[in-house]
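Structures given as structure tokens follow.
You will see chain A twice below: alongside chain B first, and alongside chain C after that.
Coming up: the complex of A and B.
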């Protein structure tokens, strides 16, 4: 398939880098200031070098990305809430011109799900969004294969930054501020870590899961969300005396979405460590299925995008 | 899709039972003595009641299954080694007449993989076999989505009977013979438990994994296999003093297949309990992906068969 990648952050760049290995061709990549576009396949290495050097990926007008001949739009611009723009309009444009869309951007899928499905229904193209939930972990394709009706709930840890912080607080007896600074030094937490530590990032993912299970009906404002910023080190010590620890756990079902810190058994499945994520799917006929792995990272998330591309039908 | 199910054991019956829920129709089901065949869809409930009452699923000649109009042959007869008959011939017949095949029977996939792929290449039909490895756990579709080339190895616990026995031996300090008898009473081990306890069943699954990773080249005789029958209770006690336990672990890579009892950390991912299974996939770009869940059971394995049916292209 020919990929047009909008967004040249970690994920967009990794998709461009790995596309060839999966048998696909990159015909365009754009960031906010420029684009590299070539119907015969762009020079990926050159584009990535320019970006690494602090420039834009290319000198063309970003708008020309939509005018090129492509099969799949890869939407990898930063997640935005509410109207989910400019990502939503990118998706809309691609679907209205009968292209496929694969999203890594959570915004449109969490906040305007029914509108996306309506656009898809009127298009020859399909939308897929494995990369929006759990990075490399194939959560959505597992639900799709079971059929959503056979899955009653999804629960787990879907934010690696918060999980890393809680793991380190418990392991070292350090307080939140101290471990957050450590996480930022390591690049595990961003300079502005708000969405990770206040539960918003995890909530967006569980909203997406609820939308998949219920075929729509949820957006971020429907979720009950509590973050990890107020957890004192003493809470983790107390938990440990009881063979427990604390993790930021989310739950999604057709009834709603909740994210918040929970006590979990210290050695149980939900007590994943470091930046690892886990999703437990409760199913009607197959008991509980657990998927764990790396929930974030450029290459990790790119593998989810490229898995989705591999599951698209020929246009 | 219209399903013709050959084999009316736990898996075949569960596939018939759940097919409607997944949007498919059962046009035939056969056991060794009879068949129920109806191009407009059989009376599934009636066939299952007859079987439950000790009779055959139907009064038609089992051979008539292949003469009916169907889309997918579901091969759910008992696993046989070596020439993998009669399962292999069932698959061959379906592919030669341009039908799809979904296998729950491990024999043909472990023992005659390259021949299956050659038959598939000459057919309008495709073969899928998720149900042969890890029951409800979507191992093979995860590898398929990552692309097999991106997966370097698969490791884990793929036999629930052996895992149950080791879990109970460790938990209760009982010896092997005692726990095996308990497992048989519970229906977790068969009257003849040989393939489960000597590692053959697990080895077949890891041979299938190696065939998928390497696109053929392996059969059961290539695997190095050791079972659990000789593990004394004292070995588990000794392991526990060191924070470890023993599990029947298999490993598959392009270099080969090994199955045998291994010491694993007591609280680690590989120390799944009871009849649960786990597969860890090592990937090039996405680190380690863990999938765990119920590895056996009629409904559980049927969900894997029906997931496969859902991924088949229209004929």
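Coming up: the complex of A and C.
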């Protein structure tokens, strides 16, 4: 497939870097200020070097990306809430011109799911978005294999930063602020970790899961969301005395979405440690399935994008 | 009370081994005429035999209801049906036989627990969430005037966890406490 990648952050760059290994060709990559476009395949290494040097990936107008001959638009711009722009418009543009779209950007799928599906219905192209939920972990394709109807609920840990903080707090008996500072030093938490620790990032992923299970109907404002900022070390100690620990757990079903700190058995499947993520799918006929792995990171998330590209039919 | 005797023949009676057991059921009634009678009807209609009724009229629950303690006898296998019938009739069953609490679950509360009157919080958990607080651990590393955590071990009726935690969440919202609930459902 010929890929046009919009967004040159960790994920977009990793997709460009790994595309060749997966048998695909990058014909365009764009960031907010420039683009590198070539119908015969761009010089990926050169574009990534320019980006690493603090420049744009290329000198062309970012809009020229949509004018080149491509099969799949990879939408890897940063997640935005509400109208989910500019991601939504990128997807719209690709679908209206009968191209496939693979999203790593959670915004459009969480906030405007029904509109995406309506655009897809009128297009020869299709949309896939494995990378929006759980990074490298195959969550949506597992649901697809089980058929969404046979999955009754999804629960689990889908934010590595919050999970890292809670794990360290429990292990070291430290308070939230101490561990957050440590996480920022290690690069596990961003300078502004708000969306990770207040539950928004996890909630977006569980909203997407609820949309897949119920075929739409949910956006972030439908989710009940609580973060971990108010959890003191003493709460984790009390939990541990009872053989439990506290994790930022999300739950998605056809009835709704909830994210908040919850008590889980200390040695249970959902009490993953560090930045690891896990999703538990509750099925109608086969009990629970657990998928665990790396929920974030450039190359990790890029593998999910490229797996999606591989699942798309020829146009 | 039913005008007609229950049309139950002997062969419809469940096997009881000839045994009946005594149970105590604690109810909370609205202070209105006829409420007590309405609460007793489902007991006799479902094979329970009333032994005694202790109507604590002077003793009002925090919600302004009147606690009533009913002693009754029934075959063990019919007792659940009696409690279900009471609940179906809209009667608030607080406690139904000592062994009836099918589940023990923990919950952690975080916030200004002492400042916000911990003992009142606990009695609201008991009365509004229909749970019995069996055990309490408090951790207040920065003193009782700062943020503290409490772990409550709760005994609740089987199958009522969802309602119990909904009620505890509402208490938490009301008193600005963070409620860390156990995760229910799924296989660990």
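Just so it is clear, the second predicted complex is superposed on the first by the 315 of 315 C-alpha atoms of A that agree within 3 Å, B and C clash if a C-alpha of one lies under 4 Å from a C-alpha of the other, contacts with A are read in each partner's own complex, and residues count from 1 in each chain.
The rule is simple: a residue touches a chain if its C-beta (ideal position, glycine included) is under 8 Å from a C-beta of that chain, and two chains touch if they have at least 3 such contacts.
Everything quoted here is computed from the prediction, not taken from an experiment.
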Practice item. Check the residue A:263 against both partner chains and state whether it touches chain B (first), chain C (second), both, or neither. Key: second
In the overlaid three-chain picture, which partner chain does A:81 touch, first (chain B) or second (chain C), both, or neither? neither
Just checking: does A:136 make contact with chain B only, chain C only, both, or neither of them? Give me first, second, both or neither.
first
Should A:174 be classified as contacting the first partner (chain B), the second (chain C), both, or neither?
-> neither
I'd like to know which partner A:241 touches here: chain B for first, chain C for second, both or neither. second
Report task. Give one of first, second, both or neither to describe whether A:287 is in contact with chain B, with chain C, with both, or with none. Result -> both
* Just chain B (first), just chain C (second), both, or neither: which does A:22 touch? -> first
Of the two partner chains, chain B (first) and chain C (second), which one does A:311 touch, if any: first, second, both, or neither? first
Dual-contact residues of chain A, meaning touching chain B and chain C, are 269, 287-288
The residues of chain B that touch chain A in their complex are 14, 18, 21-22, 135-138, 141-142, 145-147, 149-150, 267, 269, 283, 285-294, 297, 299-300, 302-303, 306-307, 310-311
So, in the complex, the side of chain A touching chain C is made of residues 153, 155, 226, 230-235, 237-239, 241-242, 244, 246, 249, 251, 260-265, 268-270, 280, 282, 287-288
Touching chain A in the complex, chain C uses residues 106-108, 110-111, 137, 139-141, 147-151, 153, 178, 180-183, 185-188
